[in-house]
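A short worksheet on the structure shown next.
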Amino acid sequence: MTGFLETMFSPGSADMILTIGTIVVKIAILIGIVLLHVAYAPYFERKVIGHMQVRMGPMRVGPHGLLQPIADGLKLFFKEDIIPAQADKSIFYISPVICLFTAMSTLAVIPIFGGFVIANINIGILFVLAMSSLGAYGIVMSGWSSNSKYAFLGGLRSSAQVISYEIAMGLSLVGVIIMSGSLNLTDIVAAQEAYPLKSFIIPQIIGFFVFCVAAMAETNRTPFDLPEAESELVAGYFTEYSGMRFALFFLAEYIGMLLMCAIAAICFLGGWNGPFEVPYIPFFWLLVKVYAFMFIYYWVRATVPRYRYDQLMSLGWKLMIPLALFNVVLTGTIKMLR
Amino acid sequence: MVELQWYLYLSAAVFTIGVFGFLTRRNIIFMFISIELMLNGVNISLVSFSHYLQDPRGQILAFFVITVAAAEAAIGLAIIISVFRNKETVYVDEMTETKG
Amino acid sequence: MEQVDKETSAREELTLSLGPQHPATHGVLKLVLELEGETVAKCTPHVGYLHRGVEKLGENRTYLSALPLTDRLDYVASMSYNVGYVVAVERLLGVEPPERAKFIRTMVSEMARISSHLLWLATHALDIGAMTVFLYAFREREWINDLFEMLCGARLTVSYPRIGGVRNDVSQEFLDSLWKFTEEFPGRLLEYETLIDQNRIWLKRTIGIGVVSAEDAANLGLTGPMIRGSGVPYDLRKFAPYDAYDQVEFDVPTGTNGDTYDRYRVRMEEFRQSNGIVRQCIEKLPPGPVMAPDAPKFTLPPKEKVMEDMEALIHHFVLVTKGPITAPEGETYSAIEAPKGELGFFFISDGSGTPYRMRIRTPSYVHALALPYLTEGSFVADVIAVIGTADLVLGEVDR
Amino acid sequence: MLPELFFYYNATVITVLSALVVTRSNPVHSIMLMLVMFFHIAALYLFLNAEFLAAIQIIVYAGAILVLFLFVVLLLNLKKELVTQIFIVRWPLGLVAMAGLLVLMFAGIKSFTLGPTGDFTIEKIAGETHTAAIGTVLFTEYIVPFEVASLVLLIAIIGAIVLAKKQIKT
């Protein structure tokens, strides 16, 4: 491929405007859809966990609390934006944006259904990993710049956690890469069509398990929610944030979750391929898989306690990474023998 | 089409800025950052050579440079930590242990 | 000089003030933690943020009117603290409550124990991250509060027991509801245990955390589940029975290792024992009055009697103006087994209607001061688990 | 025209940012600026048809090495740095040395001519994707250096652990 940029910017190309226009429209559609989903993901979470905990969840705003996300959004938007006096202002301003930016830009390589992807680049998985590793910056910088001990501890914990579990996540995806022979997410889905259930779930069960655990750790969700363990560190790295900046972190966290679910669905569960074609809704099966995955996230959150910091680290380094490595070796050997 | 020379000028500029930082900063962490700058400057030229000469070796070399940079950062920062633990300083002019 | 400065500055950097406003300290406990990375090098509890001078207030009130103060000690299990107070005052005054009152008091203090332990379980689990247990436990605690409301009209600060008995008799409706609760409750306990008892993360977070040996526990003055977790079957309900505890059967569960998990197990077993005691009390509840015959000297007579009876009117007048007139001179210490440990009341009486000195030995205060021993050398996250297992209620720590 | 513009933009940003990086007094700011700079370098790599290297630049440089720097800076907690002299006393000498080096290099670059080109053409990369093309070369021709690199990393890991480990108090 001639470089992505060169195609785009090649002089005299009549398609240039059209290409850029298509991309902009696609971005707008995707961001619209994702923001809507992200707004309702906390609502979904609160309802699911509420019913698991013998209570109702949000009920007041609108029928069954359906307008709750809008109310929350409005409230956060109009709240005062408090900045600690001793904070490092510039970094304090920019940290939530880093978090959101890394989460949002990953969306670009996620194929929603065959052909609908903003940037169909050949290093899709690498891009995802790169962006998720950059998310650590937003976290550690927000913790540092708040100039609060709780935030600082939370930031350090979180970045250490994200970095360690990123290795396990990357290694768990190697199995998928070996089997499909491509780093392109669209190609990975295409490669899965030949396998039982149109997915890698059976041959890559170990990788899938490691990925699920690493994804939970990567997005700082229970039982790995140490950075924001409210009983220890108040709220972790965003203790000092309020109003819209807090909302940005919130948004980034939920987009991150959505992304992890989408990547799990694409890399291990066959993406938008399902047992039968659903007419007019090509992304139906992806959506179902993503929501099933999200439900598991919430289910786990309602069920298990929280790990301690050192236990989390030893789980990551002593169990998850060796398991993922074993999976890589196993997959490689089988691929070679065939 | 951008000439190769321009990439090399950029690479030289980044490299020399790295040299300047390495020579003039007191703080050992900034010296390490300057080394990273120098390595990046070299990498730019390697990758651009690879592109213009249509030879993969430049990129392979850049790949190894990144590997070595990672190793160097790990070791170097570990040294900084252990020095800081003993001397409580990050200024090279205060580290006079090996002067004899 | 410079060396010293460096050290102090380095220490300042790593000092974390956990509390008094912190989601895990259950009130206004402040722990100043000196950290080395995530390890606690030194832990200094600071108490007193909730000090209201309950002991001093008690010395300025009659024995009867000091009773509601004890509600505010441990507002989580106020019934036990009322019982502790009236048992102590009865010993001072030499009053013997009737059998029915004794059984009712035993029953309600066991209900308070269940209620208190439920709150402990809820917050302890929430601190460690198990959110669902919190809501499950509060469901049952709500039920107990409803039962208290049915019994005496108040849910939290009950002030139900009286010197020489209890305020009013129990209704059959209340007993039926309580019986239903005791039938349901063991099933609910299983629910909690399904969630956390064998959960690997729970085990990892609690086993070997905050270990205290039997000897050290005794030396630190730990009581209640804190010492029973270390294998010492110290329980005042067995050692120095009060009320009707010598007439009901129950076991004193103990642990072996003295860690957070053992204390958790001890309290979970105490749920079952308390449930059993409540059932026995309902079954064995004897008929009869609920106030001692000489109680009018200490307790306000019913309002309608005051209107009709001269004696009652005189008692009422004297009680309100002077307090109980027959408090003999002397000292008395009486302790009961509160949900959190040994609750002792020490009175010095100078023969007047108010105590010359009232001293309350509250278990949480001792446990709070044992926190440095339990936490030093462990991780920050373990401090949270230990605060949970100590089951501190700041109302009684600071008094 | 656009490729030139793109290059000039990137080159300017990279140069300015690297100059800022070595002159900041706060290491954290410096590292953040460096992060932005790495992004621009990665963009440049994309422009040079080295997409795998661009990804590596972000993942390894920005995601690992720079985070390591950040960690160390945060662990050491260098508040004193903000008020003390950031350069050595004879820093103008360094500036002169830098200028000399720059002039020398520019002079050398000016007379640089391109040698014979190889077979790693754009079409070839487009045919089998950049990652596969690089991988093929790396794992055949350069397999021994590759293994040596892995050894270097292993030694670095062990060395870092040994050096940074806390001394056990005896």
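Here the chain labels run A, B, C and D in written order, and each chain numbers its own residues starting at 1.
Heads up, the rule we're going with is that contacts are C-beta pairs under 8 Å (C-beta built on N, C-alpha and C of every residue); 3 or more make two chains touch, one makes a residue touch a chain.
Please read all numbers here as calculations on a predicted model, not as lab measurements.
> Can you identify which chains form the pair with the largest number of contacting C-beta pairs?
Top-ranked chain pair by contacting C-beta pairs: B-D.
> Roughly how far is chain A from chain D, going centre to centre by Cα mean, in whole Å?
Using C-alpha averages as centres, the distance is 27 Å.
> Using CA atom averages as chain centres, what separation in Å is found between chain A and chain C?
46
> Nearest whole angstrom, what separates the Cα centre of chain B from the Cα centre of chain D?
Chain B and chain D have C-alpha centres separated by 7 Å.
> Let me have the rounded angstrom distance from the C-alpha centre of chain A over to the C-alpha centre of chain B, please.
About 33 Å separates the centre of chain A from that of chain B.
> By residue number and range, which residues of chain D touch two or more other chains?
3, 48-49, 52, 56, 64, 71, 122
> Between which chains does touch occur?
A-C, A-D, B-D
> Give the list of chain A residues in touch with chain C in this complex.
So the residues of chain A touching chain C come out as 49, 52-55, 149-150, 153, 222-223, 225-226, 229-232, 234, 301-311.
> Can you list the residues on chain A that touch chain D in the complex?
Touching chain D: residues 1-6, 9-11, 88, 90-91, 94, 121-123, 126-127, 129-131, 133-134, 136-137, 140-141, 144, 152, 156, 159-160, 163, 166, 182-184 of chain A.
> Could you please specify the touching residues of chain B with respect to chain D in the complex?
These residues of chain B touch chain D: 1-2, 4-10, 12-21, 23-27, 29-30, 32-34, 36-37, 40, 43-44, 47-48, 50-57, 59-60, 62-64, 66-75, 77-82, 84-85, 90-91, 93.
> Which part of chain D faces chain A closely enough to touch in the complex?
Residue list for chain D touching chain A: 1-3, 6, 26, 28-29, 32, 35, 43, 46-49, 51-52, 54-56, 58-59, 62-64, 67, 70-71, 74, 122, 125-126, 129-131.
> If we count contacts the way the header does, which residues on chain C are in touch with chain A in the complex?
Touching chain A: residues 16, 22-24, 38, 125-132, 135-136, 139, 195-196, 199, 201-202, 204-205, 379-382, 384 of chain C.
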